[in-house]
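For clarity, chains are labelled A, B, C and D in written order, and residue numbers in each chain start from 1.
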Amino acid sequence: MNIDTIKKEFPIFDEKIQNNDLVYLDSANSSQKPKVVLDRINEFYRKQFSNVGRSVHYLAVAATNLYENTRSSVQKYINAKDKNEIVFTKGATEALNLVANTLGQMILEPNDEVIITELEHHSNYVPWHFLRKSKNIKIKFAEINEDGDVPIENIEKEITNKTKVIAITHLSNVTGSILPIKEITQLAHSKGIIVVVDGCQGGPHLKLDMQDLDCDFYAISCHKMYGPTGLGVLYGKKKWLEQLPPYQGGGGMIREVKKNGISYGDLPNKYEAGTMATAQVIAFDQSIKFLESIGIDNVIEHEKKLIEYGQEIIQKNNSVKLIGNPKNRGGVLSFTIDGIHPHDIATILDEDGVAIRAGHHCCQILHDKLGIPASARASLGIYNTKNDLDKLNDAINNCKKIFDLK
Amino acid sequence: MNLKELYQEIILEHGKNPRNIGKTENFNKDAKGHNPLCGDSVHVYLKLDNKNKVEDVSFEGSGCAISMASASIMTDLVKGKEENEVREIINDFLGMIKINPNLKSKNLNDDEKTKLMCLSGVKQYPMRVKCATLSWHTLISAIDNKNEEINTEKFD
Amino acid sequence: MNIDTIKKEFPIFDEKIQNNDLVYLDSANSSQKPKVVLDRINEFYRKQFSNVGRSVHYLAVAATNLYENTRSSVQKYINAKDKNEIVFTKGATEALNLVANTLGQMILEPNDEVIITELEHHSNYVPWHFLRKSKNIKIKFAEINEDGDVPIENIEKEITNKTKVIAITHLSNVTGSILPIKEITQLAHSKGIIVVVDGCQGGPHLKLDMQDLDCDFYAISCHKMYGPTGLGVLYGKKKWLEQLPPYQGGGGMIREVKKNGISYGDLPNKYEAGTMATAQVIAFDQSIKFLESIGIDNVIEHEKKLIEYGQEIIQKNNSVKLIGNPKNRGGVLSFTIDGIHPHDIATILDEDGVAIRAGHHCCQILHDKLGIPASARASLGIYNTKNDLDKLNDAINNCKKIFDLK
Amino acid sequence: MNLKELYQEIILEHGKNPRNIGKTENFNKDAKGHNPLCGDSVHVYLKLDNKNKVEDVSFEGSGCAISMASASIMTDLVKGKEENEVREIINDFLGMIKINPNLKSKNLNDDEKTKLMCLSGVKQYPMRVKCATLSWHTLISAIDNKNEEINTEKFD
């Protein structure tokens, strides 16, 4: 696999950003997009645009078929049993809200417990917090160990006979820890507990096999997966999506509408109320094809090498502290520098064309636990190279110089 | 077959003057079907004799010319056939309207095949395939004694 | 104003659709997109892409500014008092769900009444139906008159001291009736009733002036307004958006997150959880600029002439029946032909390159009331011409010929 | 001014050794400020004498070099000034950091202006302007006796 060739497929790297070559290390936030995806958006709007599903004219039929093709591609890519287990949402956040809200309507009772982890992104905490407020459920936090991992024992410890849901990230967007979803699901299912996975970082970096993981729900963020913004995917087992109530109401999700009552459509329409992100769904097919053309095993291998290299050079750098030391690390390197606030780091690195993120990365619980207000984060995509990490290290050194650090 | 021919050749004949309309007396099986996209709906009534032969069959419903014609042709064709023959004909028709170029059933004679093939033009209009197949899915449901209403959104 | 020049700005009309010039009469469903919007999407992804609001690096700052620029443009375009009264959603359907859900959480009590009209789209009925189920509110339907209008008296009749909300369409997507929102709001506010407007068809066709209409909420569908798919706008008066609870939970909408509690961010973040439709928001600025460059008064005048012309030729056509005869008709002509089912009409018209929609157009209540299962609908956009309507009429005549009608 | 200069010239001096840290004894006004984006937080304590002059002022907080330096410079500058002079200085600073090229205040001498202008480089980093202004907004809030916490997301 030749990364230079792959990188050439991303038009943004042809640009100079403030006179610098772009060293983009913010892919955990959002990935850049390959040309095929952008061309598809453009072509669809220019030559084939129509709304889907509702009209019988030529363009509408063609658009509907394209839209449903993506559903089938996603189904195959994540190895779901049924095409109707794929629901398009506006993002992973909406997907997680959908799950919490509908489980809250039907399954969760007051005093029931939901286990999340200290690693969770706010998107996998706030929706459950809403239920804590409205339904008086309890939220328990499975703790991280000193490496920033959540060993399965720490989850098992929190399980009681009130536990109804375990909602966990596949790959932490701060420590890079990869959680053993398959084992957690086995444990959970042996006790009749539903497993919801926040797959935002799993999507671009890991092999997605729903039959292997066996989780009940899996949320994907398309814009982190080389796809367009404004799109997410919720995978849900058919038995759940069939029995749970709808989330949003509107056109397209109904069967019959009368003044005194309404019946809802079948899957997948039931969860796709209103006009969907048609062009984005259709273009996302190209993101999947792009990933398939590289092969997820190659992606994983490439990123593994990079992360090992990055870990090595950063660890050697005086006063720089890596956050977490997980057994299995995905493409994220978060760090602090003693005496320099992460926002100052990010601003100074940016001056050298190195784009990283600083802040709590929507993981305030984790940062509180670590006793730091914020951290700096370099995160990888398929287009990154060792050279990018060298530049990161150089920029860190420049930054230290400004602050008179050795 | 172009669209004009599709509509003219047979659909109009059946669509405007459908056969077997109404509620078969003493029917012993029935099922309802609904196409939420178009609003087409159909109710199929079936009377099987004690040898599982279709003694009588009829339908009530409202919808576009294609769905009404299809129901009308279907009820004509299955009358007098045995249950397993009917199942075979339904499968053959559903296969033809989706992918197969021709009908293969041994339970249909050439005349009957010609009649059915006039619906084959619908293939070119994917949004309308559901109109053509609604009554057929509903007939299976009636034979199988399924109580749930057939909904075209459920099958592809 | 030269329509030919305007039409040239829409790349799709350069295409042959099944060997025909495209006569696109399905804009009430979704409008075609001008080149400036498509170019903006492309340019943003290719040269400037980053997620907004969260990182401090150059691209992120630039994207955030572009994103907020659109908010300001929308504010000015609809004459809202404050930029923070503009919330981006995935569509008008989500906007209406947001309003119903949050009013349901805080304002509506069991047995309270919500008035909608018989003209409403499912998107402005199903979300209220959810509250009927969960909170036992009542929904009352203001009736249409024989012209397909909802005169203000018919709304007034339904008001009781239990009425808390009136939720109505600005322009019916079936009859084309324009409702007197300003007067309805005056009436409602004199009784302390909240007014929610479904502005899906108002957005592209009418002058949007929130100070003049004075409604409390207004929902817009960007893809019907020459903008990208997957985007909507909710306008809400600041006093409401400030006091109502959040809708979806996740990154970006929080202030502080602790294990035992969460406080929410201020407007507009509070209602924009998770990664938003960044590229779509940024490109929508071009849709607004495009509309501004033509001038809404010119749009209205052009469409008024067209609709009068269309009404005239359709009314003259034997066996064709127009639906509704509103005092004030926006760009929609729905009709039936005795003896031909609307789906057959649409399929046959499509063969001549005339794209219309057939069905209940997500208005089943209205179709029930009219005693018809479905209707055929031709709807207009800024790019349509008299020639398009002539072709519609010719195609209707071809259709009648096939069915042996005079 | 380039970034290196911005950071080096003054910020480091203040950022690393901020003045007026702690809780002024017998303060009679105070307010808290928070920047949710960065996690910066500041608590300003103010002691006005009976002629509304700033007898003492201090701050507690944590945050980036820019916000700490800004708070440090600010507290130095307003000490000994009268309330309405302080208000005028704050407005002048906020204007300068957003749009104006220079400071115009008559309540600042040239030395004080030079000190403040070292923060002007922040203009080029729009995401960081909020860091530089947090303590200033918080000071207004303290003077005005507003009880609500200042949140940088609230003002542009």
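Things worth noting here:
Just so we're on the same page, a residue touches a chain if its C-beta (ideal position, glycine included) is under 8 Å from a C-beta of that chain, and two chains touch if they have at least 3 such contacts.
Quantities reported herein were computed from a predicted structural model and do not represent experimental measurements.
Separation of chain A from chain D in touch steps, taking the shortest path, is 1.
The chain with its CA mean position farthest from that of chain D is B.
Per-chain CA centroids place chain C at a distance of 46 Å from chain D.
Spacing of chain A relative to chain C, judged by their CA centroids, is 31 angstrom.
Distance from the chain B centre to the chain C centre is 38 Å, each centre being the mean of its Cα atoms. The multi-chain contact residues of chain A, meaning those touching 2 or more other chains, are 54, 56, 60, 254, 256, 343, 347, 358-359.
For chain D, the set of residues that touch two or more other chains comprises 37, 125, 127-128.
Listed in rising order, the residues of chain A touching chain B in the complex are 53-54, 56, 60-61, 64-65, 254-256, 265-266, 269. Listed in rising order, the residues of chain A touching chain C in the complex are 11-12, 15, 17-18, 22, 26, 29-30, 32-33, 38, 41-42, 45-47, 49-51, 54-60, 90-94, 96-97, 105, 121-123, 125-127, 129-130, 134, 139, 141, 221, 223, 228-231, 248-254, 256-259, 261-262, 273-280, 343, 346-347, 349-350, 354-359, 362, 364-365, 368.
Of all residues in chain B, only 3-4, 7-8, 12, 16, 37-40, 62-66, 125, 127-128, 131 touch chain C in the complex they form. Residues of chain A that touch chain D in their complex: 339-344, 347-348, 351, 358-360, 367, 373-374, 402-404.
Partner chain A is touched in their complex by these residues of chain B: 34, 36-37, 125-128, 151, 153-154.
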